[in-house]
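Each of the next two complexes has subunit A plus one other chain: subunit B in the first, subunit C in the second.
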Partner chain A sequence: MSQQHPDVPFAVTLDVGSSLANLTGTWRTERPVYVDRLPPCNHACPAGENIQAWLAYAEEGDYEAAWREAMRDNPLPAIMGRACYHPCEGACNRSPLDDAVNIHAVERFLGDQAIEKGWVPAAGAAPTGKKVLVIGAGPSGLSAAYHLRRLGHAVTIREAGPVPGGMMRFGIPAYRLPREIVQAEIDRILAMGVDLDLNHKVEDIQAEMKDGGFDACFLAIGAHLAKRVDIPTPDAGKILDAIGVLREMDTSENPPLLGRRVVVYGGGNTAIDMARTAKRLGAEEAIIVYRRTREMMPAHDFEVEEALAEGVILNWLTTIKEIDDSGSFVVEKMALNDEGWPEPTGEFDTIEADSLVLALGQNVDTGFIAKVPGVEIDKDGVIQVGPDMMTGFEGLFAGGDMVPSERTITVAVGHGKKAARHIDAWLGGARHEPPPRHELAGMDKLNTWYYADAPKAVQPALDVVRRQTSFDEIHRGLDETNALYEARRCLSCGNCFECDNCYGVCPDNSVIKLGPGKRFEFNYDYCKGCGICAAECPCGAIEMVPENI
Partner chain B sequence: MSGKTSEQKIKFYQKGTFTVGNRLVDEARRSVQGSMERSNAITSGHRACQGCGEALGARYALDAAMRATGGQIIAVNATGCLEVFTTPYPETSWQVPWLHSLFGNAAAVASGVAAAMRVKGREQVRVVAQGGDGGTTDIGFGCLSGMFERNDDVLYICYDNEAYMNTGVQRSSATPPTARTATTPAAGPKPGNVFGTGKNLPLIAMAHNIPYVATASVAHLHDLERKVEKAMAIRGARYIHVFVPCPLGWGSASHDTIRLARLASECGLFPLFEAEHGEITGSIAIRRKVPVEDYLKPQKRFAHLFKDGDGIERIARLQRMADANIKRFDLQRDAKEAPL
Partner chain C sequence: MLEQIEGSHAVAKAIALSRPEVICAYPITPQTHIVERCAELIRVGAIRNCEFINVESEFAALSVAIGSSAAGARTYTATASQGLLFMAEAVYNAAGLGLPIVMTIGNRAIGAPINIWNDHSDSMALRDAGWIQLHAETNQEAADLHIQAFKLAERLSAPVMVCMDGFILTHAYERVEIPTQDQVDAFLPPYRPRQILDPSDPYSIGAMVGPEAFMEVRYLAHDKLLQALGVIPEIQKEFEDIFGRDSGGLFHSYRMEDAKTVVVTMGSLAGTVKDLVDDLHKDGARIGVISLCSYRPFPLDGLRYALRGASKVIVLEKSLAPGFGGVLASDVRMALQGVDTHVHTVIAGLGGRPITRKSLARMFARAERGELKDPHFLDLDLDIVRREIDNQRGQITAGPIAENILREIGPCTPKAV
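Let's turn to the complex of A and B:
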């Protein structure tokens, strides 16, 4: 660095050097480390989507890349963007700031773009020579078929009904999920070379597997048997079940006749769908009767709100005792006891109505499954599976509504993916070990100062009057401008989005910027460990770790 | 107040709007500090404390001045932390021509350098003088006032950490009321620096009717860079007063440097404004208003205010100072989002 000049006094003998000779990194007691944390949306997604990753592509306007990222986990984005109850948004760290990112609307936009532009999934793995039978063409079966096909296996779906789609067709009314969307996404899966046998009810799983030469089987027949209660009535024809009515909506030329005043019994999403469907079929009054309180209804709150806005009437803390000879419904008032459970009060009332539709949940048709050796059916009538989705019978996997879980399309799609990965590993004689999860990027990890306030792009809704009289889709999608806007509201929780904050705020120039897409590196020669980078990282992607001193 | 700060609007709400870099805006509108080509006027290895606000503020300001002038600047430095920690003999951290003379004469030396450049016909070479609050508001004040009144072509930047930190945290005329320093101990009936003392140098600079005066903060990088660039586009005497927290002197955590600077502006105690020829032309609105306690509490120099509740009246008085600033500089209007 510096040289002594023997002929001049010491104080002026040293040549100028750079402070780069002074390695201030030795001062450090803590070191900053870049980390990736798990965003709460990804964590909450039952289908295991990497939501943050596809929002990042969408934010840059690369919708096809965004769609392809979503398709890595979920083959039905246009459907899911409409029918999923978006737990991702419930978990979104943006909620306390202004509003959660409207994730489902962006997903729907991507799904619709894909259908419009005719994007097809990328070619999958080379053929493995293995054959997998999928029983049931609902969301879970279709998801499994898609993932298995991408993994290189030959897949055949056998479906008992005349059309594929399962609950996406029979459980969700068209005003929430238009049928052409369902068909388009199913067709795209079939076009990958998945065989579909319709009107083929499997009665003997082992025989079908043996005859067809299948190496494994994924069972996803759903839960279609309506639960019933015993309500004495002089006219049994007045009592229908919601799943039957909703199915008829889709398969029959003539809409079911429910009369002018319809009572729906139950408090779940199916009850709400049923009441809203009754309204659309011309009922003057659609009355939901539920034995517990409004707060205890399993139906999603936004659906209850939409139903109320459409004029659906809600009678909670009420049970139906009988339909008397004059056709009146005798109902009993309930009251919550000290434990918060409803108890009869002995107070009776009557409701006049033309029909009663039961929406009390569904059971799994387990008859033919019980015959398979080793398969366990628990007391709730659902199939027991291990963490790898395999039943007690080697090579027979199951998922969707027929296994213990929350019964939603998204959970079903997630099961399909998970089962496909385990089936793939099992076929190769291995076990699928999911990679370890990152630490959750909670609100406490973020520095939200750096995000501008931006309210959720409102999805334009059709006005209430039009909703009550038609089966047109209620919510319209985002257009490109507001989809982009919406995607850009993502906070990128837990994962560096290259905002340059750490690079800018370091007083010691100890952050090295590696260039677009390459993120940053710390220069520990000079980093003093002040921690400003970690404190000012908006998304919580830097952690301070104690040095070993 | 007329003619609000001319902030550019951006098209969309974006993630990271207020961050150093924002890859969603045009290249030309990105910050100097986000650029891979930034000049790093102060290089690594300097001996500033962990989390030094002044090291950061000086790099922000000089890098912006270098971009604005194509690197044609000479820096003159008063004595102070910035001078000491960047140039322990025989090393230097400066990657720009740099000159240090005495504690009190930085403004006069800068005037001389500017005159020399003018005489040599090299007026494209611009001069930036810099000092701490001690070298600016106390010791160098006479020379600085002369530089202003002669309208010499110098940008003087004061990095204000509110005391003489380099020599052991003695009070300066920029030390706020109630702050504990080595010379204003937290003892007696009026602990810390007393109310009714000190001076507001940006307002004094404005009284000289110079072309440009501004306050800035290390917590508002985009605003700081914009003000430096604006100053470099003007000839004549210009003054920028940058708020730079000092973890050592303030008794704050090193990672809180930017947070404290942000809270100082968000509570109203350090208003961000600019003025041309003595008239205020704009201010940065408060985005998330906080009480002064939020700013005071993380600092040990104000710890005595929170002991036994006997600081309540003094905190209220500081709050009234903040409220007066908010009124005077119109800080609580609808905050403009996206100030790039």
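Let's turn to the complex of A and C:
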């Protein structure tokens, strides 16, 4: 017992901490443990971004730190904030509460801030003396080059075209992705000391590696060969391919001539981009013909909605049979069979149009790759790679649209990062072992009622009428105030954000606050394992673990 | 000033005059009018520098009172019946911590079956919690005892319950002399706590204490209440000096000069008994009355001395220890240990059963004739209890007694005796 003062009641008034002799933690059968769980946004990100981490910096208003955190995984935040289809937002636990956090808008804000303020990536590792050849200056190749450079390797990109950017330039229209943004982010990568050879089409990989003294090669040439379908026509000049038209938009002085009525054949994002581009080129009608239903279109729904708002016409459950002598398009109606697949109905119709643009997907130009020993090309015409992104040829890695996966910029950027890490390990004679993934922080782990209501901040958009005649960017960015607000809508799923709930509810004062940014720890001498902290943690960052008794 | 006033409101005025700093209470019949009026008095500014804290339960009420008292505020609360039981843990804590809280008990029966009327079951249930328990005989005494209670509590650093019979006192309009503020200020100095919880000079109170010291702590609590046996009469005298009337003390004696039979009772019942005793004296009976004011501490020596001339003692009490008998009677027997005086136990008025002079007179007569069984239950309807006992005999499931009796006697109020 502590020292007794004569003026105060015996054994009733005691010095502070006299109860500390009673180590009530020994009563415990379960112990709370602070954990970090995987937020669904991070889990869903094909580029493996630690979205929650950079949102946390943005929440504090430290945009440069937020940008640097994003840049650990993605060298193109201004581009991705515009062109990524943001699967993160689809997975966001905030969706059922009000709306998903507008992650892409915050990322875009960070990317634009970096360009405006001239932030540059931190210096990378010391030079390793290794040289890596990157073939293709699309998102995947640029991403790989950036990450390899940061890891200390010398990098040369060889690009067949006259400008870098790949599908970021040739696939995505300027109204979605302004070219000066693309150029700014590419320039920043090149400024890190990445060499870029333009108009250099690689024909013999082995020879170029040998001649250039390259220790490894990352292949990311994308998929640029438009898929064709045989449509009988008296005038083959009326049939164009979407990738070709979109490329011409960027490389030719004169915009392509499509006529007053344009039919686009296909149901993917390229078909939508094509139809909207046709509208902007002056077409009175841009008609998308698709053989399945609206619901089955691979295009993202919000893009379809935007296209419809701009006056694009959609004919689903329709196939194009031929273009007849009078120039009319003969189309056949389709119907879904019992299994839900479209079947011809024998019912025909005609559409009057000046041109047909095919947007049926793209193939990989595998000609020169097939010559490399050990490289396997599967029946879909894509290159087989292992879990480490390496082809069958030792030291030759591949990624982006040319390997089996979803074809998006974000996947490509992710491939570039992943390949760079494996190449780095391979160059050092080791294997890259990705760290184990944390358990997913699903909705069931959250106590959402602790969070205040906060509807999503809406990005301003151009009026429909103005969109139809201009390639100006449709969506404007967030400004500093609403970007901050938006970042603060993040629930921090699965990771402590120091809300003090556990600290406040602990009946035993057994949660110790370590200071701002340092989170908390449990005092297991006194924690009785009641579990209130775990039950009341808003974000699911506390787990109860049975004691070994 | 003399006022014709409801007992509860007289008490609220006495509380106001005592300058409390925190009042927190949860309403329960028959205490409600007291705390409602206290709240009104704060609202209209008749009690200054006082915070009325609304709470969600009796447990919270006394817990808040403990906090505010430990922080150095003169603190008041009030409750009754199940409310007192609900705060039982805190009742012990307040005493253990030596906090001079004053709490009114509007004495009421305890369920089940639920009953809102008066007896002493509630405060009796907490008689050993370490509080001083004072019982008021009249509304004048109820008001006076509250003013005395703050002084007593603060002088000893011990909590005080002022018990007043529910409805019989709380809801009765009587003449009550309401003191002036100057009188009360002269009697009751500002509260000077023995210690105050102060974040700048921290210590802990009531933390765990092991077997090596607990006996001593409990002995000291016992000793403190024994000290109160001396302090209570001192305060009674100080009060009389300023206010000019005898209120409080350990117990009141009435017509004890040559009493052979003495009725010992507690609370408002003493009034009825005194009236009856006056009548009986006209017929030559030698009956005296002792009405206890201080039930805890219990004035063993004082009672033993006061009862020295009695040959027969009738303890008339509104409490029952089932399976044992009288509670108060047992304590009186303790006072008469070794003395050859017959002590009768009479249980009366449970759950508000009226105690009439007629029934009391009949009981006294039986006692004189030596016909009183022990314990005796005043006005118990023997037909009903015998029938119910017979009904239950041999039954496997007895069912609730109250419902069985009501089924027997029909949907009416218990018959007046």
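A few notes on this one:
Just so it is clear, the second predicted complex is superposed on the first by the 533 of 549 C-alpha atoms of A that agree within 3 Å, B and C clash if a C-alpha of one lies under 4 Å from a C-alpha of the other, contacts with A are read in each partner's own complex, and residues count from 1 in each chain.
Here is the rule we go by: contacts are C-beta pairs under 8 Å (C-beta built on N, C-alpha and C of every residue); 3 or more make two chains touch, one makes a residue touch a chain.
Small disclaimer: the values here were computed from a predicted structure and weren't measured.
In the superposition on chain A, contact of A:139 is made with neither subunit B nor subunit C.
Judged by the touch definition given at the top, the superposed model places A:22 against both subunit B and subunit C. In the superposed model, A:7 lies in contact with subunit C only, and not with subunit B. When subunit B and subunit C are set side by side, the one touching more residues of subunit A is B.
In the superposed model, A:485 lies in contact with subunit B only, and not with subunit C. On subunit A, the surface touched by subunit B in one complex and the surface touched by subunit C in the other have residues 11, 14-19, 22 in common. Across the complex, subunit C meets subunit A through its residues 96-98, 157, 194-195, 202-210, 212-214, 216-217, 220. By the touch criterion given at the top, residues 12-24, 31, 33-34, 36, 40, 42-48, 50-53, 55-56, 59, 86, 88-93, 221, 247, 253-259, 262, 288, 337-338 of subunit B touch subunit A in their complex. Contact residues on subunit A toward subunit B in their complex (touch as defined above): 2, 11, 14-24, 27, 59-60, 449-454, 484-485, 488-492, 497-501, 503-510, 513, 515-516, 523, 525-526, 528-532, 534-536, 538, 544. The touching residues of subunit A, counted against subunit C in their complex, run 1, 7-19, 22.
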